[in-house]
Structures are given as structure tokens and as C-alpha cells.
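Note that the chains are named A, B, C and D in the order they appear, and that numbering of residues resets to 1 at the start of each chain.
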Amino acid sequence: MKRRIGILTSGGDCPGLNACIRGVARASYSLFDTEIIGIQDGYAGLISGDYREMKQSDFSGILTLGGTILGTRRTPFRNMRVIEDDNVDKVKAMKENYKKMRLDCLVTLGGNGTHKTANLLSEEGLNVIGLPKTIDNDIWGTDVTFGFHTAVDIATDVIDRIHTTAASHGRCMVIEIMGNKAGWLTLYSGIAGGADVILLPEIPYDPKAVAKAIERRAEAGKDFSIVAIAEGAMTQKEAKMKKKERLAFRQETGFNGAANRLAAELQQMVGVEARAVIPGHVQRGGTPSAYDRMLSTIFGVHAAQLIADGNYGQAVAMIGNQVGHNPLSEVAGKTKFVPDDAQAVKAARAMGISFGE
Amino acid sequence: MKRRIGILTSGGDCPGLNACIRGVARASYSLFDTEIIGIQDGYAGLISGDYREMKQSDFSGILTLGGTILGTRRTPFRNMRVIEDDNVDKVKAMKENYKKMRLDCLVTLGGNGTHKTANLLSEEGLNVIGLPKTIDNDIWGTDVTFGFHTAVDIATDVIDRIHTTAASHGRCMVIEIMGNKAGWLTLYSGIAGGADVILLPEIPYDPKAVAKAIERRAEAGKDFSIVAIAEGAMTQKEAKMKKKERLAFRQETGFNGAANRLAAELQQMVGVEARAVIPGHVQRGGTPSAYDRMLSTIFGVHAAQLIADGNYGQAVAMIGNQVGHNPLSEVAGKTKFVPDDAQAVKAARAMGISFGE
Amino acid sequence: MKRRIGILTSGGDCPGLNACIRGVARASYSLFDTEIIGIQDGYAGLISGDYREMKQSDFSGILTLGGTILGTRRTPFRNMRVIEDDNVDKVKAMKENYKKMRLDCLVTLGGNGTHKTANLLSEEGLNVIGLPKTIDNDIWGTDVTFGFHTAVDIATDVIDRIHTTAASHGRCMVIEIMGNKAGWLTLYSGIAGGADVILLPEIPYDPKAVAKAIERRAEAGKDFSIVAIAEGAMTQKEAKMKKKERLAFRQETGFNGAANRLAAELQQMVGVEARAVIPGHVQRGGTPSAYDRMLSTIFGVHAAQLIADGNYGQAVAMIGNQVGHNPLSEVAGKTKFVPDDAQAVKAARAMGISFGE
Amino acid sequence: MKRRIGILTSGGDCPGLNACIRGVARASYSLFDTEIIGIQDGYAGLISGDYREMKQSDFSGILTLGGTILGTRRTPFRNMRVIEDDNVDKVKAMKENYKKMRLDCLVTLGGNGTHKTANLLSEEGLNVIGLPKTIDNDIWGTDVTFGFHTAVDIATDVIDRIHTTAASHGRCMVIEIMGNKAGWLTLYSGIAGGADVILLPEIPYDPKAVAKAIERRAEAGKDFSIVAIAEGAMTQKEAKMKKKERLAFRQETGFNGAANRLAAELQQMVGVEARAVIPGHVQRGGTPSAYDRMLSTIFGVHAAQLIADGNYGQAVAMIGNQVGHNPLSEVAGKTKFVPDDAQAVKAARAMGISFGE
């Protein structure tokens, strides 16, 4: 019996999407009789019925390719907890198109938002398997997500390049790193790039403590500093505000983004020449690293094996270095933040790196 | 007789500075009896008398090193045409320190501003040799400056990574590229990165023409576009304004920088999802490319040979692929812009790349 | 009380050595009163008494530096099981120099050979801590060694570049990958590089099975193939021979190395144009990847914490993603081979990648 | 009137082939009414009649792609000077297929061998335009060929990585670099990689002089050396032999290739630990550098403009930094060797780099 598998990629672009799609496809073709249907632009294509039957050759030569051959869009639901009228229609459309495609299983590649919708569809009776994609590394239940280590490589390369400018000019460079509300990417690239100060959303900072860390360096004869700040970082003062209040407060200050704000503040407080660097989308594009190609492949193959076993409603994960899976219902809606006792945080503290506390 | 050579690096950080310093040093040590004095932080160190005698081993292992072992600062003169009182003092201080160091020659590594000051010192009777460093490639009289091709590599890598995001999300990505008032860096990386629209300071653009180029792509079935815009690019409307007027006009629009402004405009005009990416300082740091190591080395060696010949007051240059030199007095104060008939512009036009005209 | 710590790096060059040294040093300086003694060229320097007191600034700026600032040599003992007369003298010399340096602890960075000697010295009563360095990833008791993932990156980049030549010329390219007697490096880079055939020391291969895999590709319309072969790979026939016999057999065939031998054989068996590529030492040099900088740092910091706790005789390790340690006596003399049910092997098999069985 | 253009790529794989094909295609589509026919596997496809009509979309997304979408084979003629009977048939077949495809022009991308055949076909009355592709940079009449600078980047990266191993182990590393009979690639990557000795085919070397250079470094306290040797390098003794004699002499010594031979000799002469590294095909594959994408594009566009002008029988070239062309008849059969007074040779000599003389 032929199994018909729909695949879609959802949420932000991320290295390893194509490698993972290839893993699902190659293992499926090899393990059982398969027909693969590519759904265009994530859930948007599932809602509108934009899909095509894929050929085996479509998955050739895509291992190293950045982006996604299926296209992607940000999740179509703003608020998944409350299923509003409009969302009900979307869910209905997705179920109908699932049926129309005569799918045996839907494989979704995405982050937390994607998993939430995947779980919703699973609860609605569809066979769904979720694959953990995000440069933010913030998916609950898995040691690591694919895309993360490539982003760490890119962000570290940015810090390396900025390092020489900082040192040559005797400047304080404030580099804003992606990661949404989690600090993983900033933490890892900060340590790998030799940052002097690392500021994470999980550890609200005091600008005075940052200033002090820079001054201590100056006293030790080092006239330059590297600050790695997460896009989601906030001051201790901001952390006490409600979200709305915080946004208003930020708008007042007139600075766009975490790095610009802090650079201006440091320039004033320390008197040092401080500059913000915001590499932005560079961190999420391009060819996946060797690590991510391997990880995406293992994840993709595992999804095919779950399909072979008819074991649906699962989120593929790396658990204690072994590929495995958690029920979608258990991981949906949760976020994996950097715990205060993360070994990388502890190691950084032991080396005297400041978290701005 | 021992020759005492002072070396300084001035202006923005740039890949190849250390490789070039090493070229000057190694060839000097090999060609004649040499004492090299490293002047700290560019002209600032020459003014304040911050320098040290270097050892031969100081130049070992620095070929691949980003930044500059001598430190650098932006040029100390805001306006070199009018030598104000304060500047006169600075010139006096530089001449005195030159004497105090008992220099036979001062070698300066820098861009247009650095060359201007070098020429001034030369006119004041000092023996000066200038080396053409800048990622902007805008120094008059030389085919190419060192640092430029490394910056092209970095900017192209940025465009490559952004490309996959643009394609996967069906977005228009507007990438702001450095280069000061010249478009070389944007032109080269734009073509190498496969940009669809390239906007240079030398060719003022019409936002409507850019919008049209994006729409033409959409009509041809391509739902994404890459726009490479120089930081110094301006609209045809802005080009007609005086500088002051232009700055006021820009402040009104409320957007910070060329890319943010254009992205907002395109989003409104075309209805496409447009995003700005501003890689910033990443473009000027890090290890020099093979090309720039070679070029810096050849330039540095040529400077040593000019010293051996006692041929001072020269700006080292690549002229028709052969290393040579121009009188500092001939190049100082001039800028090499992208001519409208540059072969890269002509090639881009022939391929249908839009310059927003 | 000041603690005096000796550090040495031993065995083959490996990315991350300096990052790890820096981790030990920065955490030691930060956690307790420290004096660090750098021992030159591994155990050779410990035997001959070639060492120097280091300054805190010696550890600045080395995070990204390839190689080792302490120098390294291959292990000084050919056969550690039988301590011959000569070795006894060496051990005696090492103990004496340890005393002469007034060390509180010796930190060794190295692979299996280094760990063996470290354990020997520990059994002789010295305070020793071992750090797991090798691109081969074959150290018992740790999930991963530092240097490994950088080597995977390099080997994967080699396969990527060879890929285009293979595809453009319709050739079979046989790439020989390092790893000593373990297949980790070949396995990971083989999968990440999209190899069609992967040959490991742990899974003896049949050249006919390799030929068949290539022919199957040809039948499917693909006129090129990539074979990733470990330097330690052997045929099923060779695997049955004793070591001496095998070496003699190989000498007869007249081919130098695993890749050359197989390429010649494939050319004859399949009639395809087959070429060997042997990137060699490229795989072990250069700046460490972000992953390895992080890992080396965490390892180094952990060593400092063991010293702070006076917990000696330990081999630092990553155990289930958490940094920890095993008694040196438990890991010395063991090798971590690729198990037949390694998840990467299983994933590769599920995708139809041939192991030449 | 529609112009039918045949394109083929011939000779060894080389970065920039696809970028150049894209340049020809995009400019042709833009400049005149065009039909492009892709000829498979170089002249082999022209002889056998293996070709296909291309669509405009075939040239999309190939700018960064390594290899060639048209496939390539080594030149079909062993000896073009004497057109043997068999060759006559091949020429006849090529002319017939040219006619059968109703071509207005044949565009060939290749090196010296390709240009020779292109000229032959031009003399036979076909409209031919040649594009200068080779990592060897040895094509007469052009400043530079595309593929060369990417190969310089790769070879330099190899030397960089080997550098850390050499320094850490105190070894002499002998790196064999491609380039056929010309030394350009070794010269450029040798200088960019900081080699201590550079050995080119154009400057026969004395092993004793190489040994002396290494000993001089040892005397200056540097216990490691980097030797960059061209695959075509020869000793002064070998240079005096006839080709046949030289091959026999080499076979006697039992060493395979220039680097292995020299490493063994140095190990014996100097007593240093010497190792050969032969990166091989890595130097010719993968994505083209920004420089080569630009160069290939400009070359490709110029070919389209020559077609627009009906100016056939030309070899596209970069002449004094301006794209132009030479008659195929003038460049065919000539090789551009490194002249003894090349500026890079002179600069290297001035810095004390040894050429083994």
C-alpha cells in the first residue's frame, strides 16, 4: 500500500530545511512505497490548497541548499489558544485539503508556532509529525533544533570580524543577536566569539553593571570591549514592567532595538566610543553547516520511521544525544529558555564574563 | 646608514593593514639597514608622540591578522582645506615628533583623508609615502585599494545568505552596503550576489523605477527580489537638494538610513513584504582575503623600494595591473567615483539589472 | 595559597587547543590564586624540563587561534603497556620536573595516547587532569572530543568542493578522510557531504558491494558518485588478516593509502573514471569552529573547577550533554569506535547510503 | 531574426563556469532575440550530437553554483597540431552537428586546449567565441582567467590550516599546488599564505637551496617552514633533462609527485620532520568567489556583445583591466607562464622569500 505524505515548512527561514526534507523523502522512498506531496508556503498552502506531487529527483542536490524548496510563511494564527471564528475556518480548510490530498500523514517543519498548529491538527484527528526547526533553539523537549548551530557559526563569524574593528579603534561594539525571547544564540556565539559581556532575555541586566564591566577592562589596560546582546534582552527595570508598558517606555527612548539603545547608553555612561551592529537576517540564511546537515538528516529519517510505524502525533527530538520523539501535545505551547544554571552560563561566569547583573 | 621609518595606520579599520605593514617591514629589513617605529592610533599618535621601536619579530604572524597592530583613529582634521589654528598646532606637533623620532620617512596607511594629511605633511617638508587602504575603493589614481576585495567577499556572502530568506519567504530584501560616497562595494557585491536592483550614489534613483523592476520580476513569476543599496545612495529628488536640505528632508521621513527608507517605501508602493538588512561594520573587519594579502604585500614592498630609492612624496598605487606610484599632491583631495560607463555597470545593464533609473 | 598549574598539549595538532588552554587559565585566575606554567612540546618538554611561567596576557586573543601556543609532539612512548627501561627513565624525569616546577597539578590536553601517559603519571602519584582533544572523536567516556566538529566542517567542505567536480565530469571521486582507527570523522562528514558510499574501519567492506552501489546509481541515471573512505578502512578480506599480514598484502598491491587503492580497483571493476583525493593534514589545522570554541571552553573551565576541588586523576568529558569527568584509570587504554547501531549509521542505512557490505 | 547560440564547457572543472554561462545567456536574452542550445560534456557532446534547447529559467539560480550545468570532459584531441585521421572525423562530426543545430555561433568555455579546438573550428568556418576559464591562469592574452582567484582562495586556506600544524609541531610542511605547467596558483597562494619557500615550474630549483632556506629559518629561531611547490615544479637537474628522461628519472626515485619527492629529500638533507600535503581536486571545485562571479559575468556579457556585433573568431580577455578580446588565432597554442620579473616574484624576492635558486 502506498503511503501519501504531505510536507510543509513553516515559520522563519532556517538552514537545514531542505536537508531535513531530503532526509524524510530519501528514507521514506527507501523504507516503504511512498508518494510525497509538497505543500507550498507552509500552512498557508495547506489552507489554500496549493500543493504538488513531488518526484524523487526533486530531492536530489538539495542537501546543501539554503532556504526551503517548499517556500514558507509565518504561522497563519496570531493566537492559537483562542480559536476564533476565522481560525475555525482555517482549520476546516486544512482538514479538507488534507483529505483532498488523500494524505496518510502530514510532516511539518517549524518552530514553536508550527508545533502548536501541528498539535491542533493532531487533536483534530489528522496524522501529524513535527520536526524541530529554529535558529532560536527554544523548542521544548529536544536538546537542540536544526538551524541553531549554523546560526551560531554565522553570529560568531560576525563577532570575530567586529572584534578586529573594536580592538583597532579602541571601541565598545554592541552586537545584537537573534533568538526571539530565548538567549541560546547569544549565549553560544557570545562565548565562541569571546564577548566580554553577554546579555540574555533570561537574565535581565543593569546598564550600570555593563558599564562597570567595560571600565574594569579599561583599568586592566584593554581599551575595547565586545557586548553580545540578545534581541530580546531587557534591563532589570524593563523586566518589571508589563509588556505594554515596556513597549511604550521603549518608544519614548526613541531607540530602535536592544543594541542601539545600549550603545547610546554606554557612550554616555562610560564615555567610550560605542557602536551597535545588527547583522539581522544574515543569521538565518544560507547553506547549513555540517552539524546541521547531519542533525536535519537524522531528524528527517526518524520522521520516516515514525510514519513506517504509524506512530503519529509526535514531535521528533534529540533527547540525551539520541534521536527520539515526544507527544506533540506535551511540547506544544512551551518554550525552552536558558536556565540560570545552564553549563554554558556557569562556564562563562567562572571565566569572569559579565551577564550585566 | 640606518634608515628610521615611522609607520601609522589611519582611518577606518580595513582588512590587509597588518599584511601591508608586514610587507613594508620585511622588505625594508631585507633591502637596507632599518629601524621601524610604530606610531600608535594613526595621526593621533604622531601628534601626541605615542610611538615605540618595533622588533623584527613584531611583524611575524600578522599576515592573516585582521585590524591593525598599530591601532587607528579617524583622521584628526575635520576640514583639511582650511587649516584652522587648531590644525596648525597639530601640524606643528606632528613635525616636531617626526624630528624627535629622527625619522627618515613616514609611511601612512589610509584612505582619502589620510592621503590628504600625508600630502600636507609632505608639503611641509617631511618625507612621506602613502599606501592606499580602504574598503571603499575610492582612492584616485589606483586601480584598486587593499581591503576592497575582502569587503566585496563579505558583502557578497551577506547577499547570498539573504537570498535564501528572500526566496523562501517571497520577500523583497533591501541590503545596505558600505562604501561611503562611492558605489564600488555595492556594485561589485551586488553583481556577485545576484542582486536584481543595484543603487549607487553615482546614479541617483527613482523609487518608482525600483518598484517597477520588482513588479516586472513578479510578472515573470519571481515573487522575491534582492536590492543592493549603497549607504550613500540617494533618490533623484534628493540628488537635486543641497546637502543641508537633504539631511533635513531625511530627518523628516523618520527613517534611519538608505535601506530602511527604501524598504518602507517599497512595501507601500508595491505591497510586497520588504525588509532592510544592514550588516554594517562586519564589512570592514576580520582576516584579509588571499587577494588582499597579495595586494597589501606588493604595495608594502613597493613602499620599501621607494624608501630605498629616496623617492618620497608618493602615493603607492596599482596602475594598469602594475604596482607604481603617483605624487601625493596629485591624488590628495580627489575621490574615485564609479563612472557611468564602468564596465561592471555596462555589464549589469546588459543583463537587465536595474539601477533604478 | 597559590596553586601552580602545569599545562601541556600532546599528540597531533587539533583545533581548539588554545581555546581550551584559555578556558583553564581564565577560570583558574578567576576561581583561585594561580600560577600557570606552560610546558613546551607536550611530554617531551616535561621530560627535558622545557617550560616557562606564563602571564595572564599570554592567554589573551588565543581563542580563535589554530594550533597550540605550547607546541606539541607525538607521544614519547611507543608502547605504554610494557614500560621499558628507557620509558622508566622518562617517567622518572617527568616526576622530577613536576617536583622541580613545584606543581600542584598537571593538566594534559590530548587524545588516547596522552590519556594513557596521564594515567600512568597519576598512578605514580602526580595530580593530573586530562582534557579530551582529538579530531578522531575516539576517546572513551565522552560524547564528543574538541576538534572533532571543526574537522567534520573541513572534511565536509572538501566533499562539497569535490562534489561539483564529480558531477561535472561524471566521475567517481574517492575521498580519504582522517580518523585513525575510528570512523567518526568519515561517518559524519560523509553524511553531511552527501556521500553515496561511506567506508569505515568498523565496517569492513567488499569492493564488489561498492562497485554495485555505483552501478545502481548509474542505472538510476546518475553518472557520478562520491565515496568517503576512512584512512583506517579495510576490506573484508583484509579484516581477516593479522596486522603484519595486512601490511605485507598492501605493500604488494603497490598503492599508497585507502583511497588510491579503492579508486584503482573501482576504475577496473566498474569502468568508471575514478579519482582519489587525500586532503590530509588540512583536516586538523586552523581556527576552531564556534562549536569547538564553546566545547573547549567548557572543558577547560571544568578542569579549573576540578583543580579548585582538588579532584585529581580525572579525565574531563561530556556525558549526556553535561560536562563531567571519568577517572583517568577507567578511560586510559580504551578506544571509542563507531558502534554498528550508531544512530548516524542507522540513519544512513535507512536512506540507502551504502557501507560497502 | 532569432540567433541560435550553442554553449559548451570543456576541460577541467573550474569555479565560475555557471556564472559565465548565465552572463552569456542573460545578456543574450536581453540584447537580442535568442535561442540557446546547451551542448553536453564539452566537445564530446558536439561530436556525438548530445544537446538540448535551454529555457530562460535554466539559467536562474546558477550564479553561485559550482561545476557546470552542461557537464564537461577533457579535450577530445590528444595532439591538435597534427590532425590525424581520427581527428578529422571528429572535426567533421562537429561541423555537421553545428549545422544540424542551425547555430549562428558556438561559445566555448575552457582553457588552452579548448581554445585550440575553438580556433580550429573557427578556421574551418564556424562562428566561434572562446571564454578564458582555468584555475591555472595560463591563457595567453588575458590578465586573468576566471576560476583562478577562487583556486587561490582555496589553496591559501589550505596553507593557513597547514600553518598551524607546522608551527605547533615544528615541522616542515610541503604543500603541492595545482597549476599544470604554470606557477601562477602557487605563486599567489604561496605569498598570500605566507610560505617561506615557493617553487614554480618557471624557476627550476636546487633542493640544496631549499634546505638552506629552512636552515636559515632554524638559525633565526623558527623551527617550522612552509614550502609551496607547484605540481609542475622541477629541480634544476630535471630541467636539463628531456621530458622522457625526466619521467624515467622520477619513476626511479619511487616518489609520486613533486611534494612527496621534496619532503623526503628535505627530511634527509635537513633532518627536519617534513610532510607532504596534496590537496588536489579541492582546488578546482565549489562555489566561485565574489571576484570570479564578477569576472565570469563580465566575460559572459562581453561574449553576448560580440555575438550582437557578429564579431566571431575571438577569445574574450581582460586586457589592462578592461574586458576585450583577441583573435582566437593569436592566442591558440600559446601558454602564459610566470615571467621572471613578474611583480609578485619581485615582491617575494624583496621580502626574502626563497625560490630555491
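Keep in mind that, in the parts below, contacts are C-beta pairs under 8 Å (C-beta built on N, C-alpha and C of every residue); 3 or more make two chains touch, one makes a residue touch a chain.
Please read all numbers here as calculations on a predicted model, not as lab measurements.
> Keeping to the contact definition above, tell me which chains border both chain C and chain D.
Per touch definition, common to chain C and chain D: zero chains.
> Hey, how far apart are chain A and chain D in touch steps, shortest way?
Graph distance in the chain contact network comes out at 2.
> Same residues or different residues where chain A meets chain B? The copies count as same if more than half of the interface numbers are shared.
same
> On a CA-centroid basis, which chain has its centre farthest from chain C's?
B
> Based only on mean CA positions, could you tell me how far chain A sits from chain C in angstrom?
Centres of chain A and chain C (C-alpha means) sit 31 Å apart.
> Could you grab the centroid distance between chain A and chain B? Build each centroid from C-alpha atoms only and quote it in angstrom.
35
> What is the distance, in whole Å, between the centres of chain B and chain C, each centre taken as the mean of its C-alpha atoms?
A distance of 42 Å separates the two centres.
> Mark out which residues of chain D touch at least two other chains, giving numbers and ranges.
157, 160
> By the document's touch definition, which label belongs to this structure's chain graph: line, ring, star, complete, or other?
If you draw each chain as a dot and join those that touch, you get a single closed ring.
> Could you run through all the chain pairs that touch each other?
Every touching chain pair, ordered by label, is A-B, A-C, B-D, C-D.
> Looking at the complex, which residues from chain C come into contact with chain D?
9, 12-13, 17, 41, 65-68, 71-73, 154, 157-158, 160-165, 167-170, 173, 256, 275, 277-282, 284-286
> What residues on chain C touch chain A, complex-wise?
So the residues of chain C touching chain A come out as 23, 26-27, 29-31, 63-64, 143, 149, 152-153, 155-157, 160, 188-189, 191-194, 289-291, 293-294, 297-298, 301-302, 304-305, 320-323, 343-344, 346-347, 350-352.
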